[in-house]
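Listed after this line are the structures, all set down as structure tokens.
In what follows, subunit A forms one complex with subunit B and a second complex with subunit C.
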Partner chain A sequence: MKEYKMRKLDVYEVLDIINSILHSRADEDKQKKEPITLLTKEQIETDFSELNIDSITFISIVVSLENEYELEIPDEYLLMTEMNSINKIHQVLKEVTENICTDEDATT
Partner chain B sequence: MDINLDKIEKYISNNLHSSISEVLYQHKCYDLVIRLTNSSYYEKAYIRYLKNKSRVACYFKECQPILSQNEIPYVIVKGTILSQIAYTEPYIRNSNDIDILVAPNNTTAFNRLLKDNGFVQGTICNGEITPVSREKRVYQTFYSHQLLPFIKKTEIASCPLINIDVNTNIFWGESTYKVNMEDLLSNRTNISVEGIEVYKLDPISEFVVLCLHHFKDMNSIYLLSQGSLKLRLFIDIYRYIQSQHTVLPINELLKKCERWNALPYVYYCLYQTTYLFPSRILNRYSNALKNSSGDYLLNKLGLADNERKEWQTPLEERLFASDFLPNFYKMLNDDDIKKINLNIKMMQ
Partner chain C sequence: MYRRGCNNMMKSKQRVMVISNVAFEPFFRTIIKNQFNQSNVDLTLFLIPYEEYNGLEYKNQFSVSDIIIVWINLESLASNMINKGESIPDKEQKIAEIVALCNNFLNDIVCRSNANILWFTFENYYSSLSAVVGHIYNDVTDKLNLKLFDTIGDRVTFIDLKHIISEVGISNAYDQKNKYRWNSPYSKVLIEIAVKEIHKQYLIEKGITKKCLVLDCDNVLWGGILSEDGIENIKLGCSGFGRPYQDFQRFILSLYYHGVILAVCSKNDLSDVMAMFREHSEMLLKEKHIACFQVNWENKPDNIKRIAETLNIGLDSTVFVDDSPVEVEAVKSILPEVTAILYNRDSVYKELSCFNPKGDVSIANIEKRNETYRTNQSRETLKLQYQSYDEYIAALKIKFDIREALPIEYSRIAELTQRTNKCTNGKRYTVAEIKKRIAQESVELYSLYVSDRFSDLGLVGALEIDRNTINLFVLSCRAFGRKIEEKMLAFISEKYKINKVEFHSTGKNNDMKETLFGDFI
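The block that comes next holds the complex of A and B.
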């Protein structure tokens, strides 16, 4: 599983997952009249504060990515400065999966 | 009594139907209540003091394996340490937990240490430790720089539950400032509590961290809605300066505040404390740290520029008026209310 997930762990895959979360949150919150704005490849480096993503949506994104890649991001990475863009989230996920694989290799 | 309570007593006698001992008790100033003669709240305050003494002894004994280790740098802030330093006795300030600072890159190791010693992360509900959803845990870590509380059950009646709060930054979640935590922790010193050697910050760092924490309690919209504005905050600052000024050189304090971008907030705390409790020593510090950013904050609330508002009442009224909350809520907009409700949902 993890080998498969690691092959897929590119930043555009992360972008797709984030957009699917934004889409499903828009579906859940039908009281909001504003249309959903999906993120684009050009916004990979943009700070989330400039992308109109509120804190609850951001948390949903982080937890959904954890579920998708079947990992738990350690507390030391859960800093706004480390995860405030799509690219930074991707970097954190990569580092965490690399650490997991290193630990698994060490124990086998 | 050494602390000048004239301003407080005058306001209370002119505006409230409560006695000064009742107000001091409500504001958790138990040491002052105990010192007042003929205080109707003396017994309640003294019982709290005795319970606190027993609880603190239990906390430190149970946490000794964690606090005595040297592999993961940490310091204890506030609580018992503040009580020992500022009030010369570790049991004066009520303490319901141990607040610890660690560097962010050590949180995983520190988590493991706590879990190996019987602590679990969760919240307390009806006296039981309740697990918390991943969303709440992530939210708390991101937005408060504090990990979800670590709790341990004991069989000891005086402390059935031990709570450790682990913090990874000295600023609040809304702040964009970051202090190098390894640098901060490199100046730690030893102190003995209940016969156990533990670590604390050097006096200057300790005072800055105290002011930052208390500034947050005095200005966070969420915390204010939960009743965080208490006289005790100002008494902590008063007591710390009065007891530690010989080891708090003003020029060193100023340099550290500037280095950490903490100057406006430390000045704010000093100014407001001097306003309530006039003192020559505090005045010297307040004047030396005076700056325009701090002056700007004096009649404001909020922790970030986009939520800053102006208070409509003087400090004494904010502290003691019985209608503080309804008037406070009148100042808030929809975004503020949304933030309060979100924090209540995710942090409680």
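The block that comes next holds the complex of A and C.
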């Protein structure tokens, strides 16, 4: 059974990863001069459209999460409707992890 | 105008627009910002979907962009372009349609912007058909690119995307996952190389380049040590041990024809080295290609300083290549502004990427300039013969001609403004910027030609006056020491009542500031 030695797959770790992406994007866009609004634990259920997260940021989030947790999210999940809150993203990651483990168990 | 100086603290800004029918997320933005950050440039990036470029919301972006990149993906544009099955006339027609589309697109861009346009060529390497039918030559993309180049090549800089893909390899160039997820078909490594290319073109356009290449001889230009082996035993030729050296000479000769100034700095007897350059049949570099020879037994840092002084070129514009780690280290510590490269048969070529020469330099101008450097030695001898400086100037028999600049001279004038750091008011122009300025009625641009007893120096200075403001005053270092600056100032005073002078510091032109402000303000 594969163990995730990197970050724990809990929803607050996912929140941290997303915040680090928002931070680095804000760094790049210095001319925007807006303060960096990082997300808080209270916003775990909030829809991304209300949090100013556009499709380009969404792409960065997906790619970072895949790298961080060393998994690949199947394309059918990759819609903003399926993954449009931190909690929903966390659910998807859990499902993907469980599917991987089930597959591995089946082959050993 | 953006400030550019020796002061590395100052960051300049560039606005880059990318118009494409595919996406480049998530890598492109970070990679390109980092790349330009390395030259202290703060980059703002706008990605515009090709299908929407006509939209009102993008109109402003066009007018403020400095660089516009067009990267049209052939697969997304015309997915059935490479199918066998379409008859030849259909293909020709399709090619003509696409070229016409691109031409109209370019016309639209040029109406909205004066920016430098980088246009990526079409590529068909994404096709996996070769696994089935083999690597049979398919001429469609090449025909398309050739026709496109004929049609728009004079108005854009064409970037060879196929060449870039070759560099990373086809299997590394694409990202299938990102292609189907968010229409982003190119891999991160490909985007990294493409961004390096964009940056390179930026440096070339701005004239940010080293100017002079100083070369050691033994085991760099030929195999062996001349004073020990003798000229008969030197290894140089198209085969055997001498081949890599001849190949390197061939490469350096190409740099020469791209405007790089060559100098030789070698610990040898001058007569032996001259014998090589003048008589050895396998030498590709000849005496006439070298602007300055410093061949003696003294230390190299002193010799390089002498070369820089003779050629009137800054040490920070000089590159030095030697096969001896001792010599390279000596130059690195004593002359840290010089870029010192250790010769290695395979890696030396990439190290010379610190040169960013423009492709469109005229050979006649290069040869003329080289003649000036070489005949400068004769002028130095003449100088010694005269008691007073004024007598020497008179003996030089300087001819001096100022006239209204012709469009054909804009390229040379732009080059002058970018390369000159000392006798200039600091204004830097690209050809596009000159054209923009000259379009205004009140702006007058002059080119300055100088010749003397020893040679014709060609176009060595330029002036731009707008009513009573001097916007440009530039004189090449080659034309120094002839009191030409005074003639230029006299010309301006006779024709204009100046009360304003535009000035930008290059870090080396303070004297010019005092002269210009003193005379006119």
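Definition applied: the second predicted complex is superposed on the first by the 103 of 108 C-alpha atoms of A that agree within 3 Å, B and C clash if a C-alpha of one lies under 4 Å from a C-alpha of the other, contacts with A are read in each partner's own complex, and residues count from 1 in each chain.
Quick note on the criterion: a residue touches a chain if its C-beta (ideal position, glycine included) is under 8 Å from a C-beta of that chain, and two chains touch if they have at least 3 such contacts.
Model, not experiment: these values are computed from the prediction.
Engineer: Figure out whether A:Ser60 sits in contact with subunit B (first) or subunit C (second), or with both, or with neither.
Structural biologist: In the superposed model, A:Ser60 contacts both subunit B and subunit C.
Engineer: For subunit A, which side has the bigger count of touched residues, subunit B or subunit C?
Structural biologist: Counting residues of subunit A touched by each partner, the higher count goes to B.
Engineer: Taking the superposition on A as described, I'd like to know which of subunit B and subunit C A:Asp75 touches: first, second, both or neither.
Structural biologist: both
Engineer: From the superposed pair, tell me which subunit A residues show up as contacts to subunit B and also as contacts to subunit C.
Structural biologist: Overlap of subunit B and subunit C footprints on subunit A: residues 55-56, 59-60, 63, 72, 75, 78.
Engineer: Which of the residues in subunit C end up touching subunit A in this complex?
Structural biologist: Touching subunit A: residues 25-26, 29-30, 33, 42, 44, 177, 180-182, 184 of subunit C.
Engineer: Going by the contact rule at the top, pick out the subunit A residues touching subunit C in the complex.
Structural biologist: These residues of subunit A touch subunit C: 24, 28, 30-31, 55-56, 59-60, 63, 72, 75, 78.
Engineer: Quick one: in the complex, what on subunit A touches subunit B?
Structural biologist: 55-56, 58-60, 62-63, 66, 72-76, 78-81, 83
Engineer: Under the definition above, what is the set of subunit B residues touching subunit A in their complex?
Structural biologist: 104-108, 111, 134-135, 138-139, 141-143, 147, 168, 173, 178, 342
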